[in-house]
Structures are given as C-alpha cells and as structure tokens.
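See below for the structure under consideration.
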C-alpha cells in the first residue's frame, strides 16, 4: 500500500498516521518522492485502520499495487518515467544509445572512443574502472584513478558518462566524477549497494542478475526507489541457461513485460548478452523492435587489443554501420536516434 | 566429409569409393541429394585414402564442413535453401506467416479461422490433430479423423497446411492430407520419427527441443537431411529456463546463429515461446528484426474457448493488428509480407 | 477422481456409471488395474452426479488424489509398489543393482560383462541395442539383431535384462527378447511410445526427461499406468543446467519427493547423470542414502574401448569396489544388496 | 604459477624476482601464506625467465596448477585443509554440524536454540543478523545490534558462531563478535567483500552462487586465499534450475568434484537447497554419503513462527532425529559426529 500525502499535510498528521501503522505492525516506510511524501508498506491495514487513516486525512490518494515492487508499478505511476542524465533523456521518444569500451584502459583510448562514438549518434559514454572479474588474476580495472579520466572525456565530448560501482564506499567518489551509476549483474542483489546508490539520488542503471527472475529484478529496483531515488533505468543483459553458443541467453521478452508492469525505462545490452561481435547487430535490432528504450553497446577502436571482453566489442566501423541500420528501424517503431 | 559425385559417375565407381571408405572404417552413407549423389562420413580418410579416392575420380567436389551437421552447413551449401510448401516459399524475400489454432477443434472452427487469416496476409495454415499433452487426461486432439478436415480447409482457402506428427506410423497418412509435417519440441530427438519424415521427402518444420542446444538441434536436422530430404525449416520456440514469467524463454540469438552456420530457413513461434497473448506481438516484431524468415502464430476466433493453450492464442482482431504492424518493419529489413 | 469398482460389479452397472460421467462431459477412462476395474477422470462430478453415482452403487471406493498423476499417487495406493522383473523385485527391502554396458557391442562383450557383474551382486543386466544418438553419424547400436544376444546372455547368466526402445513398432519384438523396457530421457514425453509400453504390460523403466519437472515426469508415468500397466519404475538421471563440470546435474531431491508423492519405485543412474567415472561412486552412495530403491550403473570390461560413453563406464574392478562400499551403507539405511 | 619462497630468502632477492616478473608483464602477487611467502601469477614466464628466476634462487618449489584457482588446488597443496573455528575443526575426521535459526530474532530465541542444538551434537551455531532479502519490505534482520547477542550465546553455549556479512564496512564489527564470516549465495562474486573477508584472516564460509559454476566458485575462493587467508570453507546450497518442486536444485556432485580438485573443506546446506522441511533429512544423509565435511541446518524452536524461511527450518525434535539417523551413516563413511 502506498499513501501519497497531500502537499500541505502537517508533520504532526504524518506522524500520527505513521504511529497508527506502526502500532498495527505494518512497518511503514517514509519516502521523499519528487516533491511528495509517501508512506509505504507491503501489508494492508484492516477496515478499522483504513477508517482511522481516512480520519487523519493526510492522503491525497492511496494505491494498492498488485506488483510486489510497488513504487515501480504502473498502478502507482501510469506515465512512463523519463530519467534525465544531464541533458540526455532515457525513456522518451528517442532511443538512447550508450556506447564505449568495456574497461577504461587509458586517457587516449577513452578519448578516441568517446569522440568517435559521439559523431555516430551516441548519447552517452560507458566505461568501467571498477571491473568485477571472475578471476582475481584478471585485469581489475584502473580503479579510482580512472574516474577523473571519465570526467575529462565527458567534458571533451559533452557525453554524460556511466560507470559501474561495486561497493557502497565508492558511490560518493564515482558520483563526483560521473553522471550515472551502474549496478552490474553480479550485484543486482547487493542490497547495501542498492541502498547506497538509492541514497545518492544519482541516475542508476540496474542490470538484471544473470539468474534473476524479472520479479526479483523489479524488487531490486524497489530497494533504490524506496530511498527516494526515482531515477532507475533497467537493463536486460541476458540470463544464464544451458545454451553455450552465446555467453548468456538474451531474454527480450523482459522488455514488454517490464514496460507493461512498470513505469521505468529499460535498455538492452546485446554485447554482454551474446558475447559475440557478429550477434550484437541482430540482437540490437531485435531489442529496438521489442520496444526497448535504448541499447548499450561495447565499442573499442581496436577490439582485438582490448584488455577485457575483446570478442564482444564492436570496432568503430561496425558500430557506425549498426547505427545506420538502426535508424530506419527506430523510425518504424516510432522512435528516433539523436 | 561430403563427397559430391559427378553427374556421370558410374555405379561401379561409386561402389568402389564406398568400399574404400568402408574398409577404412569410415562408415560412409550414400545420400540422394536433389539430382546428385553424395557420400557422407563424419570421419576423415588419411592422405593415402584421399589419394585413392582422387584416383577413382568420382568427386565433383569434396567438402570438409566444420559444423557437425555437415549437410546443414554453409560450408556444404552457400546459398540459402528456399523450401517450397506447395507454392509457398519459406526462406526467400518474403516473410512467411503461418497461422492457425493450436488444436483443430471442428470443421467450422478451422474453416472460419483459415478464411479469416487468409485475408490478412497469412501464407500457410497450422492446426494440430495429434496433440502431445503433458497429462493423459488432457484433450489429445481429434487424431487421424482430423486430417481430412485439414485437407478440406486447404482446398477451401488455398492455404497449404502444416500439422504435427508424433510417431513414424502416422507419417504416411499425415503426408497424404497435409503439405508439411511438424516435429514438435518434445520430439526433436525422436530419431525414428526424424528418419521417417526424412524418408517422406515432405517439407518438415523442425521445432527446437525445449532443452536443446543449437548444436543438437542442427544435428537433429541432419537426421532428416541425411535421408535425402533437403526440405527442412527450423523453428525457434523458446527454451526452458528458471524464469517463470513466460512459458519458455525465447532465444532469438538462435536466429542469426542458424542463418550464419546453415543454409536452412528459420521461423520463430512467439506464441509457444511466451505463452502470453500480450507478448506475442512484441516478440514477433523482434523475431523479424533479428532476421527470421517468418513467424508461426496461434490464432483462434474465440481464444477464451480454445480447447488448449487458450492464454497464448490471438483473436482475429489482434492478429490483424499484428500483421499491420509487421508490414513496415518487414520492409525495413528488406522483406515483404504477402 | 478414481472410482474403484467392486469386484462383483456388473458390466451393465459399469456402463451406466460411464454413461453418467460421459453425459456430464467428464471424459472417463476405464482401466483394468490388477484384478480390479477403475474408472478415472481428472474432473469432478457435481454433488448431484456424485449422488447418482452412489445410487448405481458400483464403487468399492472413490479417491480424489491431489496429485495430477492420480494412479501414481499415494492417495490412490498407500503401499509402495514392488515391480517384479522375472524374479527380481524392484522397490522392496533390497537395493536393486542394474549394471551393464551402454551399448551391446558383441555377444562376447555382453557375455563377459554379464557374467562378471552377476558375481558382484548385480540383479539385472542393462544393454542398449537401439541407441538414441545426438548425431546421425554416431554408432546407432546393433538394432533388432542385438536383441537375441540379450536373450542369450540372460539365459547364460540368469539375470533379467532391460533395454531401451525408441518407437512403438519395436515394443513387441523388444518385449519378446527382454524383461523390462526402458524409456530414455529423450522419449519421456513420446506419448505414443508411453502408451505402447503401457499396453505391453511389461515392466517399464521410465527415465526422467533431461528438462522435465518432477510433476511432468509423474504425468508421463501416468500415461503408462492408465493403460493398466502398474509396473512402472522411475529413474532419475540428471537434469540439464548451466553447470558444465558434469554432463547433467543429478537432482537427488527427486528421490524423497517421488517416494512421498507416489507408490512407485525409483532408481538413480549416476553414470549418465555425471558422465564422469570418478563421480559415479560418490553419487551412487548419495543416491542410496537419499532413499533410492536401486542404482543403474554402466560397466564395461574395457571402458576406454567402448563404442559410446566411454568416459562414464566403470571397469569391472571399479564396479566391484563400488558394490563393496555400498553394502554397509545399504545396511545402515535398512536395505540389503543381493 | 606459484613460487614458494625459501624460509630464509632475503627481501632483496624477493624484490629482484618480483621485478623480473613485473618487467615480463606477468603481474605477480605476493601472498603471506601461513609462515611462508608466495609469489603468484596466472601467466608463465618463458624459458629465459625461468632460468633467471632459478638463478636468483629464492624458490623452495615452483608449482604450475592446472586449476585456475591456483591456491585452492591440490596441485599446490596435497593435504586437505582443516579450518579451525576456535576449537572446532572443519575438514577433519569428524563431520561438522552447524545449526541454528535463519535469522536471529531475540536473545531468548537464540539462547534456547543454541542450548538445545548444543546437546544434540552440534559443533557450531549459525544465525543471521544482516539478512539479504529479495524484497525491501521483508524483515532485514536485527543488524549490528544483533551481533552482541551472538557473542553472548556463544559464551553461554561454548559454540563458535558463524554469521553472514553483506558489505566490507561490516566485516570488522562482525569479526569482533563472531568466529566465522559467511558469504551468502548472492555475494559469491561481490569481489570487494571477498577481499575484505580475506584481509580479516577470519574463517570464511563461502556459499556457492545460485547460478555459479563450480569453476567460478573456486575462483571466488581464490580471491580470499590470495589475501593470505587460508581459512576458507565452501558450502554447496543448491543452484537455480527450471525445477520448482524445490527452492533450488542441490548439486551434490559438487562435493566429490571440490574434494578432488581442491584441498578446501566443503559443507552442504540442505535447508536452503530444498526449502522444504521434509527433504532436509534425506538430503543431509545424501550429502554425508557423497563425502561432505559437514552440514548446515536451519533449526528453530517454533518453525511456524519464524520471521524468515519458516518452511525449511527443522523443529528441535526433527533435528534431534536427523542427528541420530546421521550417526551410523557417518560411521560407515569413516566419519564421526561430536
């Protein structure tokens, strides 16, 4: 149940309502949501309680979403959320193309990639400095030192920047140098981290866990929303199955399901989903046709020399060709590309 | 290794080559392939054997495909196969739309559906009479008695008809009344059945097993091809995963993989993949964008009254709308719809 | 709902009851079950119908199992079924050890294996002549010609024999030469085949489909039971998952679930589950500890020369050692080994 | 490659060897391992490099494990590791039974459970205060305030205590009040957390990720070992599959695989694996038969009132019965229970 308080509701009335709910063991949470105050609980008061709440009279409206992820649900908010990353909207009329290397390798490398993709229709730059790697012996990224490079290339290209964070302690510093924080597939249920990026109020790119159901994914988003951060963008990146021809199995049906059940934007990452360069294009097109709000593509000036995931990164030429192929497709489904 | 014999090669020379391969324990198989004779083995002769083969001189060409499914491979045949079902091509410039009810329920029901979908751009009619059902208590289809209904509606509508067969003994009778035989997901590795539909030389629609890798699927196709039946159409219909929001998880990356590795056409069945009516449209569009040669859609004049799979069948109105949405998309990817 | 008819119930009364159920659209099935007649439907009559049924008075008892596989359920039969294969009981106080090669390769090979495993505590011999192979180029088994070898070795060793059948047409001939018919993992939902082995009344070893839920597996067993064949033995052999360290993932929790929900015996096949010789022993022990009624082990006098599955077959020495390790374990869980 | 330095090797010689490896771009890591110094890299020097290393002469031995998780491998350490948690060994002759509630709910609750399970053969107490929950609306545990309760009950019962940590910042405080830190399934690839518990040098219980391969799991363990913390205990707790009869699918073949490939102890958690009380016993027995070094069981004095996972927690009576059933089984496999 979500109680949206009237704008003028007094702190005393709010506290009275909270007391009422606490005494009924409903464990209410207070959320500052845009300009409003919300009281949220996943349990429902009895009819007496509802009557008492009505008497206190703080509620502009009361919603009972059927989705477990209440704040994410269309029941709570009918209109699609458009998340603004600096001046770049995600979720509106245009497709958002986010491109960049898997890992930030050097300033020159990042700058070259950023300037190139900027010209080709990209809206945002991606680049990892904290790299979650299966083996401790693999390249772990430049770490904190790589963050200023991201900020520098952002200034040079004008492209907002998204980067992955792995632990709550690094949220502040990453927020200082970048414009959007990514929660990777391995951290989708890293709840302290979800709370930390929630508190940061920064735009968050929440990737689906590789073995997470859509329902669990939306509940992970709810952790962020419940901190009063409405700037959540979901990203489907493939799930783990028995099939080994691709790195993961891209579950595109997640796109229309998320669009129907929630008001949040959803992107698709065909690079990590397939792990194979030659499949990135077809799957990017399929994602757009399925209704995705944008795509996330790994691009590298020299993929064969990449320090991580070299098999799945597109060269600049391949990327340019893909964007040209996407333009007419985007138009047919009523979207444009910058 | 595939040895394609010269057109004028004498039976004696062929026999000599076979003897040579048999003595070398290479277990050669003879395949009548269109107008040609092939000798196929999955092992490779040594250099002496190759020299002896060359001396016999029957080979127009010798191919060593890297794919295990040798006859299915692009190494063996570069040009895409176009399977003709009566006058309907599958795999060419146009998208093939196959529509119809999950089960044939009655003559009126089938006729109504057939005539309606015919007007909307459908190329072929589907309808099951032998229904594989998880429970023995569920409706098992009309059985053999339903076959003449399929033939009758085909005559009335001009639409070629595809139906599923479950056992070798029914292949002949199904072939008599219909135009294409479907091997369902549960029978993808029913090898006697694959051989039987292979021997029939009928067009075959081979659905992917719900837990089959793409590699296994192509080897199942190879069982059919190896009987000298080149008329194989693949159909992706979702695989089984942990996700329960959909009946199966549609693996659209199978489309570009199959197109690259083989010369066989591939369709997509979003109805069985998702099991949810509202997802059929988005996934059909995604399939077309990913490069599928057509789609297979369950349509029912009154889905809520269907005797099987009522949740996933589109009404005629929904189907009409979907086809209209697909037309411009098909054009963008260089395909048309009848 | 299962109606068990009284022993003396007249054919007319039975027919009257059936008519009643048919008119109510309950689609009743008549099953000859041991000495009794059953009427089974998966729908439930209304109270009027129940009253009318009571009036006809044919029912010894009426059962409403909660399990979809009604005849398999403990609700229908409390006591565990003991399936007798010749004189070998499966499901009683003793563990049943079934051993033998993956494929029958020759008479000498089979005879040597049979005589060796007989001395070591084995109760039954396994050996495949119809081999379901992923690739059409792989060894497909000796086929029908291998059946007399099985019968011959049975006579020589006194061990009953189980072999796999792949299609309804071969059920009769396989039944003639062997004592138990195996339905392999790929055919668990080959419904015509299930019905055919059901009609044969032979003991049936029903392996779990590699992507089948336990619920689906029990419904497959129900297809056989519903033909009036109560001699069904289940066999867990691993399911398909993302893990590639083993060929399949052995789901031992299926054992206690099956034992609780049904009256059918259940064996475990650690050879196919793991695909790795060194894991067969630990998993066989785990199966016995979990409550399995027996195990199915692939044994080959010279595993490294086996024509199929050579990595998972135990040598005779390894098999002997395993049986010795199993004996005290079997005792602890209240079972013996022959 | 692991270079184990001689005891008397000088810091200068070590530095020289490191320099050599760094110049060859081999990215060497220095690990303080028990009383020794190790230099570890996952790349291999060329023959010239190896000769130069030999010349420096610091190596007691050089090992080239085939396993990616080099420090975990049997190649590096033949003898099984016995991890001591206070005075409780894990990995030796005795089975280690760890029991306790899912969540710590109150001091009385924990004390009652601890005293009860102590009498029944339990070696250690488990209890969660930081609870990772799918929904933000679910009970999140007592948090830091619960830690002193764990310490208090440890003193009262003499049982060492294990508790889960979710973020690096809480490692120190958890280490202060407990004896072993658990990394839960959702955090198996939370690399900053793995490094933090590694640095703590505390015994660590590393659960398998619910979609992690065994190979990935061992590489996660390697993150901890590489911090110079050899006190790692693995715990199999089920993986995610299509089967929904159980919460997860317990992969017991992981036990013999881990025992063969590594020197680390491995426990099994049948409570989380099955999620069903009636399956905990059979799966605990199967785990012991498969060779596990112990089991982790959720126990609650009143399971039906538990604040989390009430379906899978055993009552004290059920737990007592299980332990009695395990004793003779443990003996047969050469283990005892305290």
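Some points to look at:
For clarity, chains are labelled A, B, C and D in written order, and residue numbers in each chain start from 1.
One rule holds in what follows: a residue touches a chain if its C-beta (ideal position, glycine included) is under 8 Å from a C-beta of that chain, and two chains touch if they have at least 3 such contacts.
Note that the structure is predicted; figures quoted are calculated from it, not measured.
Across the two candidate interfaces, A-C and A-D, the one carrying more C-beta contacts is A-D.
The chain with its C-alpha centre at the largest distance from the centre of subunit C is A.
Remark: subunit C and subunit D have CA centroids separated by 39 Å (rounded to whole angstrom). Our note on geometry: subunit A versus subunit C, Cα centroid distance of 49 Å, whole angstroms. The distance from the centre of subunit A to the centre of subunit D, each centre being the mean of the chain's C-alpha atoms, comes to 32 Å.
Multi-chain contact residues of subunit C (touching two or more other chains) are listed as 211, 240-242, 244. Subunit A contributes residues 240-242, 244 to its touches with subunit C in the complex. Within the complex formed with subunit B, the subunit A residues making contact are 211, 213-215, 239, 241-246, 249-257, 260, 273-274, 278-279, 282-283, 285-291, 328-329, 332-333.
Subunit C makes touch with subunit B in their complex at residues 27, 29, 40-42, 68, 132-138, 140, 166-169, 186-187, 189-193, 210-211, 216, 219, 222-223, 226, 240.
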